[in-house]
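I have a structure here, written as structure tokens, and I will follow up with some questions on it.
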Amino acid sequence: MKLSRWLTVLLAAAGIALAPAAQAQEEIVIGGSIPMTGVFAFAGIGINAGLQDYFKIVNDAGGIKGRKIRYVFEDTGYKPDVSVAAFKKLTGANKISLYYGDSTAFSRTINPELERLGSIMMAGASLATEINDPKKFPAQFMAGPDYSEQIGILLRHIAKEKPAAKVAIVYSDSEFGRDPVNEFREMSKKLGLTVAVEIQTAPGSVDVSTEVIKLRRADPDYTIFHGYILAPIPEFVTQMKKSGSKSHFMGTFWTMDSSTVMKMGEAGDGFMGVMPYRYYYDTSAKAPMLDKIRQLHPEYQNTPYLQGFLTAMLFVESAKRTLEAGKPLDAKNLKAALNSIKNFDTGGLIGVPITIKGNSVPVGRIYRADMKTQKMVPASDWIVVE
Amino acid sequence: MPGPTANPILEIDGVTLAFGGVTALNGVSFEVAPGTITSVIGPNGAGKTSLFNTISGFYHPGAGHIRFRGDEITRLAAPLRAKLGLARTFQNIALFRGMTVLDNIKLGRHCHLHSGVLDALLYYGRARREEMRLRADIEERIIDFLEIDHIRNAPVAALSYGLQKRVEMARALAMQPQVLMLDEPVAGMNREETEDMARFILDVREEWGVTILMVEHDMGMVMDISDHVVVLNFGEVIAEGAPADVQADPEVIRAYLGSGNVAELRHRLRQAREAA
Amino acid sequence: MRIGSARETYSQDEALFDSHTKRVWLCVLGTGLVLFPFFAGQYWLYLACLVAINVASATGLNILTGYTGQVSLGQAAFMGVGAYAVAVLEKQLGTPVLLNLLCAGGAAMLVGLVVGIPSLRVKGLYLAIATIAASFILHFIFANWTRVTGGTAGLTVPPATIFGLALDTEFRLYWLIMPFTVLMLAGAANLFRTRIGRAFIAIRDRDISAEVLGIPLLRYKLLSFGLSSFYAGVAGGLWAYFFRSVTPESFPLLMSIFFLAAIIVGGMGSILGGILGAVFMTLVPEVLKLMVGWLPNASEAMVFLAPVRTIVFGALIVGFLIFEPHGLAEIWRRIRRFFHLWPFRS
Amino acid sequence: MIGFDWLMLAEVSFAGLGSGGLYALAGLAFVLIYKATRVVNLAIGEMLMMGAYFFFAATSSMGWPIWIGIIAAVIGSGILGAVIERLLIRPMLGEAPISVFMITVGLSSILVGTVELIWGADQLRLPDFMPSDTVLIGEAMVSPKIFYGFLAAVALIACVLLVFRFWRGGVALRATASDQAAAYSMGIDVPRVFSLTWVVAAMVAAIGGIIVGSISSLSPTMGVFGLSVLVVVIVGGLDSVPGALVGGLLVGLVESWTGTYFGGEFKLLATFSLLVLILMVRPYGLFGTHEIERL
Amino acid sequence: MILEINNIEVIYNKAVQVLRGLSLSVPKGQIVALLGSNGAGKTTTLKAVSNLLALEDGEMTRGSVAFAGRDTGDMRPHQLVRAGLFHVMEGRHVFEDLTVEENLTAATYALTGRRAASADFDLVYEYFPRLHERRRGLAGYLSGGEQQMLAIGRALIAQPVLMLLDEPSLGLSPILVENIFGIIARINAEQGVSMLLVEQNASVALAVAHTGYIMETGKVVIDGPAEKLAADPDVREFYLGMGGGEIRSFRDIKHYKRRKRWLS
């Protein structure tokens, strides 16, 4: 015991001696483990652009209370150990207050480190239900509804559209896929929906004909896909439609990027899904922030971009509130500032003002694919999960 | 020299071995008396190496028995036979190319050592003592005896054919054999090297009291140093006995040694050619 | 220049580090390893720990594949067994760290022994694929035995505590991981000075002859599987303490391929090869990333150069194999030989 | 059995056979290479992927008609096969099989990186080129892509078997596979046979890749498919063309049955258990050549 | 001279020297026998001629081989075959999972790019009627003798100028051996094919050959006309297995002699 205490004191002393003297106007450093390559690269590239763009907007406007933002990131290839390495490297070289992480595994792995450091608040690409627990993940949050909440939004919409409908879920055999299955079961029961079938597909399986046969026999009114980006949804939908099924098909956030849905081709017509943000091209209501994005980029920006953008916005807002309260930028203060956000206007990115009580932003809306205009169109109002 | 009445150290009794329809050995029987040099000869493909493989436990005979010091070993696994004292060399030289000469020889002692995994990982106490004893024994008794001290740390792949054969013999000696089985010990050697190998074989028998069973083509050496010769042809024993008797056996001459009358053979070939 | 050294006893001749120069370098290396954490930043410490874990596991695989010739693609799954063992013990029972790590090794060893059973009948790449099968079956167990493994979400591991000191930083973990790795390396090196190591090599070189020379094949192949997976299990246990979160997806097949690549690139059947290979394979992606970082417009370049990194990584493996099939260890040996004779180069 | 849905079993079995046909096709590409050159090609999945991407480039990017696109993709893959053989495989002649195996691991990394560099990491969709109406076999509905994919696979395998049997080049290939040194001494240009096999295998893989890609989608992770192929060829025997066919169908059937009656998470478990079982009973697969060991 | 081997050295695995300055020549239309004990380097000699060494990590480090006056150093094995040099390997090496006929078809590659030569299957069946009976059967199921016939039959298809025959008598009964050698002699006489014959069975080899070479540890020790060699007392003693000479016994060699010599 004595030895350990002695060691701790020694290390603490070394830490103080080595830490650079705090400057009043030092920049705010935001780090990121971003999957620029690998299976999640399509999202990573968008997320990165979204983060970068918003930080630039803030910096161009003079920064946060006069302090500039510096954004540093590393490519992870969507591998948790590489993500951790990037985190260590970036936090070792910079005094980071906010961090963007790329996967559930990373969020979970780094959580003890975040708790130990106490200086960083993190958000990320993981919308895992598990992370949405302020007790277990006090220094993290996500800029959208978690997967269970997304399923809840979908089911709510179904219950409203067709009470007592038969619903099915098709999910991949991965952590991502299995995440909201329990919620699906319980929520269906609560809303008076019948679970027609739950189908799990093997990871990396190419052919889904057998699963289609199973699904066809269950004959659901609504089929929710979760745990995929694109494949094998189009094949499912095509085969189901060809066999005369009248089921409606739905997806969750990472599937819902406009270009992803459009790749489904004809089969994708009428495909619905939950989306926490407005699409880039959605001009149905006033959205100054979207206008700004459209100004910056005349071409379409994908949903991960919007996710990154909104995350950056919440990062900045938390930092601003913390600084305004005259408190140092540490995890506890940042998180408290984040949770103080009430009826916050996202500049139209989300159609309703948001309130962040816990670790997620539990808002979403159902959009439907319209293949004629090649766009996603709103199919419901904004739904807030209580 | 023990007389022929002594109990045989190794008995091959009606051994039959077949692979996929081809009979490699067909009711082979003979005995090896302790302390003798017994040679098995026969043309290529006669089943000599198959016989060796059967004795050392790599093949299991379809019929027949193999007895070692009177005990049945027909069904015994190969490693256990090695432990009993049946050591051998191989026709195509089966040295382990990834090891030095010294390690190859040490490997021979494997079945007589006792250190376990933990001893090995720690290399402390038993394993260390055992390895040191082994090293000393190999250095003093085997490497010195076979005069291969200059190559002890060489990788075996770099050695000449003759030296490789000698290392193989060293490894077999490290197995502390009672019966040493040599498969073509002087193949590919010149007269001088052959003489030396012959001397080693005789010395092993004399100094170590080891019984020797060998397969060899070099008739000169076989007839000279063997006490007993067994002739195999097409998987069957066609003759056995003292070298001189075997050499004189007309069937042996026909099947293996050849008539030696080249002129007559040439004549027959020519006749066959013309007849066709 | 050093041409030879006189040794007076067999024991001196059999020593692992048989020359004065070697011992001096060993001391330098040891001192370096001890001093390293006091000077390195947390990123380099992190990498050092990761490298050490990988070295331990690669050395285990080297015992099995490099020395015994049994190609295995199950190393990552065996690490998984060790990692889960540590996670479960630490969470459920709170047993001491050292015991947990030994149990992790033991658990992985038991699994390894079972996986090794086909090795008597199945050889070469057929065996390699059988080990892939084993690793998928293990993955299935990790993902579906929810009561113990926590299912796909996995388990979070409390920090290792030694004498009440929580090992929750790289600096502290280094003192757990590095000694373990060094001990395991020493064990492996010792192994190949004894009859067991020789038996392994004999099986690799000519297994059927080895049997006739008195080596029971099944027993030694299983022993090799057991030892190798013991190493993997301990490495996996260290991994669990290091990352503190264990999920089924933490130990993909790709990781097994990584270890195989490490020992091949490093040099099969050489302890040094396993070390060099694991170090090389772990650090190459990081070094490549650093190099991209030096380029102008690094952050934009990163987007485009990231795939290039994947290519370079593959090209390095290919290049090494084509130009030096015996791996880094051989290159190292050649460099050493050069300096031994220098300046009297022949 | 009353109440058992026999129609479902039939449909599931057809689907299984269908996807089994695709496995068999990819397995064929693998077996060709192994048979002739003894290379275990772990990059087989990536070679499929390259074929699919070539097809994508020809049709979606260049805007060529579908059939020209297919031909272009097949030819492009053939050239790639030749390049791979010449640059990576030939220098490794005579090295340990494990080293060559590792070369193909490196190769797969190179191919994935190249695809990411050129086409990005996004999932892409290939244009539809097969009839999309459901095929009815009796009362059983069969997915069209699977059905036509199966036909293409079986036709191609039959083609290869016929060529092996009756074309002199087929004899040369089998002779090379059976005994390299002896093939040389017959006057067969062994290196050329090697390179030809790689070309042909890459072409077969390209066709497989186009079908697989059109059923699911195109992405740099498509190479994972190669893993199932590995199971197929081990079950069938690494060096047996009929083995690839039987192994493919068997694995397809087992996958679809377990997927239906037990659940998707059991698919891999079932195929790999099958693999272990077969290896224990027949260590060289169902039709593989048993190598004789000599002391 | 159809074949001239000039002072060649061969090393395996960059370490083991098997041939140490071996020279021999095969006159056109003749059969030359190369004799010697196991491991003397006979097979290696043939492989060095047909350039098959590389397959076994062997390398010719010195000397040259000329076939029909042309240096073979830069010719690849299949080119040599197509130029008319056919190697019938030891152990027969038939393609076991091909039929007899397909085995012969494989050999037609030897005719690639040569004249208007067309493969003459009938010639093979004429020499070996047995092969005709079994032409649809897999070669792997043939008996040893039949396989040897097939191996020589493949060579006939190739219409070679020079045949290298490696131990055609291996594993055959004396009657079959005579049979095979009878055909070898016929092929030589009727087709005018020159032959380099490696044999263990020295008597039959010397009976069929015109010239003989005897090698030991990688070099030639005795050579001359076959009949003369067959009469040579040393050859009779060592290679024909006929004793009777006044050779010193192995039993009489003294220990000290051996001890001295191995120190080198």
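In order of appearance the chains are A, B, C, D and E, and numbering begins at 1 in each one.
Everything that follows uses one rule, which is that a contact is a pair of C-beta atoms (placed from the backbone, for glycine too) under 8 Å apart; a residue touches a chain by one contact, two chains touch by 3 or more.
In this text, all values refer to a predicted model and were calculated from it rather than measured experimentally.
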How many steps does it take, at the fewest, to get from chain C to chain D if each step moves to a chain that touches the one before? 1
Separation of chain A from chain D in touching-chain steps, minimised, is 1
Of all chains present, which has the mean Cα position farthest from that of chain B? A
Consider the two chain pairs A-C and B-E; indicate the one with the greater count of contacting C-beta pairs. B-E
On a CA-centroid basis, which chain has its centre farthest from chain C's? E
If you average the CA atoms of chain D and of chain E, how many Å lie between those two points? 43
Where the CA atoms of chain B average out and where those of chain C average out, how many Å apart are those spots? 42
Using mean CA coordinates as chain centres, what's the chain C-chain E distance in Å? 50
Can you give the whole-Å distance between the Cα centres of chain B and chain D? 49
Two or more other chains are touched by the chain A residues 37, 41, 173
So which stretches of chain E touch two or more other chains? none
Using the touch definition from the top, which residues of chain C touch two or more other chains? 143, 208-209, 212, 306-307, 309-310
In the complex, go through chain D and note every residue touching chain E. 94, 168, 171-172, 174-175, 178-191, 289
Give the list of chain C residues in touch with chain D in this complex. 65, 71, 118, 121-126, 128-130, 132-134, 136-137, 139-140, 143-144, 208-209, 212, 253, 257, 260-261, 264-265, 268, 304, 306-318, 321-322, 325
Spell out the part of chain A that touches chain D in their complex, as residue ranges. 37-42, 173, 199-207, 209-214, 216-217, 229-232, 234-235, 238-239, 242-243, 260, 263-265
For a test of understanding, state which residues of chain D touch chain C in their complex under the given definition. 40, 88, 91-92, 95-99, 101-103, 105-117, 121, 227, 230-231, 234, 238, 265-266, 268-269, 272-273, 275-276, 279-280, 283-285, 293, 295
Which stretch or stretches of chain B touch chain C in the complex? 53, 56-58, 77-79, 82-83, 87-88, 90, 94, 96-99, 103, 106-111, 113, 115-117, 119-123, 127-128, 130-132, 135-136, 139, 171, 175
